[in-house]
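Multiple structures are listed underneath, in structure tokens.
Each of the two complexes below includes chain A, the first together with chain B, the second together with chain C.
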Partner chain A sequence: MLEVRDLVVNYGRIQALHGVSLNVAEGEIVALIGANGAGKSSTMNAVSGVVRASFGEIRLEGEELVGHPAHRIFRRGVVQVPEGRLIFANLTIEENLRLAAAGAHDRRGEGEELERVLDLFPMLRQRLKDRGSSLSGGQAQMLALARGLIAAPRLLLLDEPSLGLAPLAAREVFDLIPRLRESGITILLVEQNVRQALAVADRGYVLEGGRITLDGDAKELLGHELLVKSYLGIHREEVA
Partner chain B sequence: MDDHLVGVLSNIGMISFIALSAYLLLIVGEISFGQQAFFAISAYASGIATAMWGWDFWPGLAWGTAVAAAAAVLVGIPTLRIRGLYFSIATLAFAEMVRLVFEVFKYQVEIDGEMVGPDGSDGFRDIRYIFENDITAVEYMLMIYGLLAAVLCAFFLLERSRLGSIFRMIGQDPVLAEMQGIDVTAYKILALGLAGLVAGIGGGLYAHLTTFVEPKIFNVMLGVHSLAYGLIGGLGTAFGPLIGVAIDIGFLESIRAISGYRMIAFGGLVAVLLIFRPRGLLDEAAVNWIRLRLRRRHA
Partner chain C sequence: MVDFVQNCFDGVMLGSSYALLAIGFTLIFGVMRRLNLSYGPSIMLGAFVGTLVFLEFRAGGLAVAAATVLGAVLVGIYVERLCFWAIRQGAAVASMVSSFAIWMQLEEIVTIAFPDRTYPFPPLTRAQPMDFGPFFFKVENLVMFGCAVALTLGLHLLLYRTRFGLRLRAVAESPDAARYMGINIAAVTFLAFACASAIGGVAGYLIVAQDGQITPLFGLWATFKGLIAMMLGGMGSIPGAILGGLLLGIVEAQSIWYLGTEFRDLCAYALLFLFLVFRPGGLFGHALAERERLALRRV
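Presenting the complex of A and B:
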């Protein structure tokens, strides 16, 4: 479904990505893991069009995405839930959701999608008229996720969905991810919590210094020596 | 009604249009130092229509407003691709360019043995429609406030509409808005066009009240003031900039004892508010609080 080939991203003179290549097949959950500054979010942002690729190809079902603005890529079904629980704090929860739906559906479709997403996040239904600024961290993350889902994405880019969340809220997010796949959404997941990310993913890619250094089946990666030493910080026996 | 009071109230009404114009751009997150350019363009264009072409007032005002809006869209297409400080500087440069063009713009025709029309730095005299048609100062003031009420209604409808929410989304986080499928540049051009239109209404009204316009009136200080009105009054509602205008012109200028120190008081007020209430007196939180109180009272 998504093919990234030799992707290079520069921020001025700094090269963030040095020829990243990866694939995501339809219906898959693929985790992109790595340390801070490894290039995970740059890869996500290049796919969603927020950051312009300096070189390389990004294809969605064969169609080139490089050079298209983010709003057009969104309309092709690539929806990013950005890092940091970014919501529109001055708008109500309903406005946050309806406006995200408006970018992808007509008015009738918008109402149906709103109902579908509120069934998934019942907490939001009770607070539709409240401002985004009144939500807790976990609730804001749920709203950010709901806003991504209301656009009925074909490919969902989840950037650090558990970052800064209390353990219970983080668990809710990770419980939700497999259910999203069951509803037909393909997911590319960036996550610092390597163990939880690989537990829900089918495959994974490890990024280091803007390069893919390791890739493979999620279960195999979870037991890989390099990954255990570098990211999990635990002994192999504990992983097992 | 006292002539001085009518003059002050008319002035507040006209300047409110340019304040609302700058406010609209603040809502989409852009700081424009150049709204006086569209005020000036409409002042000249509507003045030309009534004084030189013999048009009636309303078509003349509509023409001036349309020219100002079209100019704003044309400026928006190249400048809105740049953002933040660069956009602000570009609007300032454009406004100064417009002022300098009017400094050399000469277009005069002979009417009843007298040359009428823009005469470069000497300005544009005899825009006498309202006097020739026996419209009194009070009647004209009521026309200004009638138009202001209509524009305010349009702002309230806008703020409750999907378009208004999109404008606030863009103002809060344009990158996140783009990620939600919003064509940020297109909406900003629309906002700039609407802001040009609103400034244009004020410019047309101004030219016909004063009967005389000259380029130096439309200097950068008018742009700075129009921006400051929103920042003083607040960005939570369209009433905010009107409160800013009322404080500056209605209060500071009309109290003659302190009128000489008006700019000092005005500058100090802006500085204090930027420190303690960076989004003005009626910011979003204050407006929410007022709405909640009103809702509870009605419940």
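Presenting the complex of A and C:
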């Protein structure tokens, strides 16, 4: 479904990605893991069009995305839930949701999608008229996910969905990810919590210094020596 | 006491036109966080387009109003393309300075094309003033006030009842977050500029039609009045722009009555000075700062 070839992203003179290549098949959950500054978010932002690729190809079902503005890529069904959630604190929860829906549906479809998503997140239904600023971190993450889903994505880019969440809220998020796949959404997941990311993913890529250094089946990666050493600390026996 | 109340009524009527000018400034500043100094001159050039239609074709009030608004919108788009679209994010000062350069350019164009000091402009109405007990109202003032109220209500509906309004508020709060929501930020900004220019065009028409004449200095006057009203209300706040405009109008009307016409602008600047010293954020500055704080907070 998604093919990224030799992707290069520059921020001024700083090169963030040095020829990243990856694939995501339809219906897959693929985890992109790596340390801070490895280039995970840059890869996502380039796919969603928020950051311009300097070189390389990004194809969605064979159609080139490089060079298209973010709002066109969004309409093609590539929706990103960004790191830090970026919900609109001064808009109500309903307005946050309608904003995302408006980019993908007509008015009638917007109402239907709103109902569908509120069934998935009943907590939001009770607080539709509250401002985004009134939500806790976990609730805000749920709103960010709901906002991503209401746009009816074909490819959902989840950037650090558990960042800053209490363990219980993070678990809720990770419980939700496989359910999203069941509803037909393909997912590219960026996450620093390597163990949890690989537990829900089918495959994974490891990014280091803007390059893919390792890739493979998620279960195999969990046991890979390099990954255990670099990201999973000393709990090797747990992994095994 | 009757004089004071009458002056307040007059001030509200006058202030409604200032409020419209300030709303235009605010709409642009709220969305782009940039100041458009050539906003007043754009309106002035629009009003001269109306003057041209009036002088050349002896057109009626509605045609002149339409020409004024259309002229202001076209010049506004020219300014947006040159000073704001071409100079992208992170260069607010460059946009402001270039809009000042365009101000000079627009004034020069008008001065060359219209070399006389003043030009006639068709009056809003020739109806006689109306009495309500001890108070009287000029019909043109009532028309101006009515138009200002209708436009403000229309703007409120646009902002809070339409998809475009929702997108505009989202871009005003966080362009970065809006980009992830599939919003075409360049299109929203362009339309916000066009809306602000249209509102300015209406305000310009109402003010100039009330005076019955126009001069190239109208651009400078409109910029000052709009900016003062916006700063009194709080930069970026639409309710603030309305209240700031009304407050400025009332202070000017009182000063004209009690001190004389020559003190009108002096009192307006004195009011601004007092606000800058004692309430630099304006009437709605604190509420706005709170909104900004919430927008920047990562929940």
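Operating definition for what follows: the second predicted complex is superposed on the first by the 239 of 240 C-alpha atoms of A that agree within 3 Å, B and C clash if a C-alpha of one lies under 4 Å from a C-alpha of the other, contacts with A are read in each partner's own complex, and residues count from 1 in each chain.
The rule we apply is simple: contacts are C-beta pairs under 8 Å (C-beta built on N, C-alpha and C of every residue); 3 or more make two chains touch, one makes a residue touch a chain.
Note that this is a predicted model, so its numbers are computed, not measured.
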| With both structures lined up on chain A, is it a clash or a fit for chain B and chain C? | clash
| request: See if chain A has more residues touched by chain B or by chain C, and give me that chain. | output: C
| Which holds for A:F121: it touches chain B only (first), chain C only (second), both, or neither? | neither
| query | Between chain B (first) and chain C (second), which, if any, makes contact with A:Y205: first, second, both or neither? | reply | neither
| request: Considering only the touch criterion stated at the top, classify A:H71 as touching first (chain B), second (chain C), both, or neither. | output: both
| said: For A:L91, using the defined touch cut-off, is the partner it touches chain B, chain C, both, or neither? Pick first, second, both or neither. | reply: both
| Counting only touches as set out at the top, which of chain B and chain C does A:S136 meet: first, second, both, neither? | second
| task | Go through chain A and flag every residue that touches chain B in one model and chain C in the other. | result | 48, 50, 69-71, 74-75, 79-80, 82, 86, 88-91, 95, 98-100, 102-104, 131, 147, 151
| query | Can you list the residues on chain A that touch chain B in the complex? | reply | 48-50, 69-71, 74-75, 79-80, 82, 86, 88-91, 95, 98-100, 102-104, 131, 147, 151
| query | Okay, in this complex, where on chain B does chain A touch? | reply | 162, 165-166, 168-169, 172-173, 175-176, 178-184, 284, 288
| field | Partner chain C, residues of chain A touching it in the complex | value | 48, 50, 69-71, 74-75, 79-82, 84-91, 95, 98-100, 102-104, 131-133, 135-137, 140, 147, 151, 164
| message | Going by the contact rule set out above, which residues of chain C touch chain A in the complex? | response | 163, 166-167, 169-170, 173-174, 176-177, 179-185, 291, 294-295, 297-299
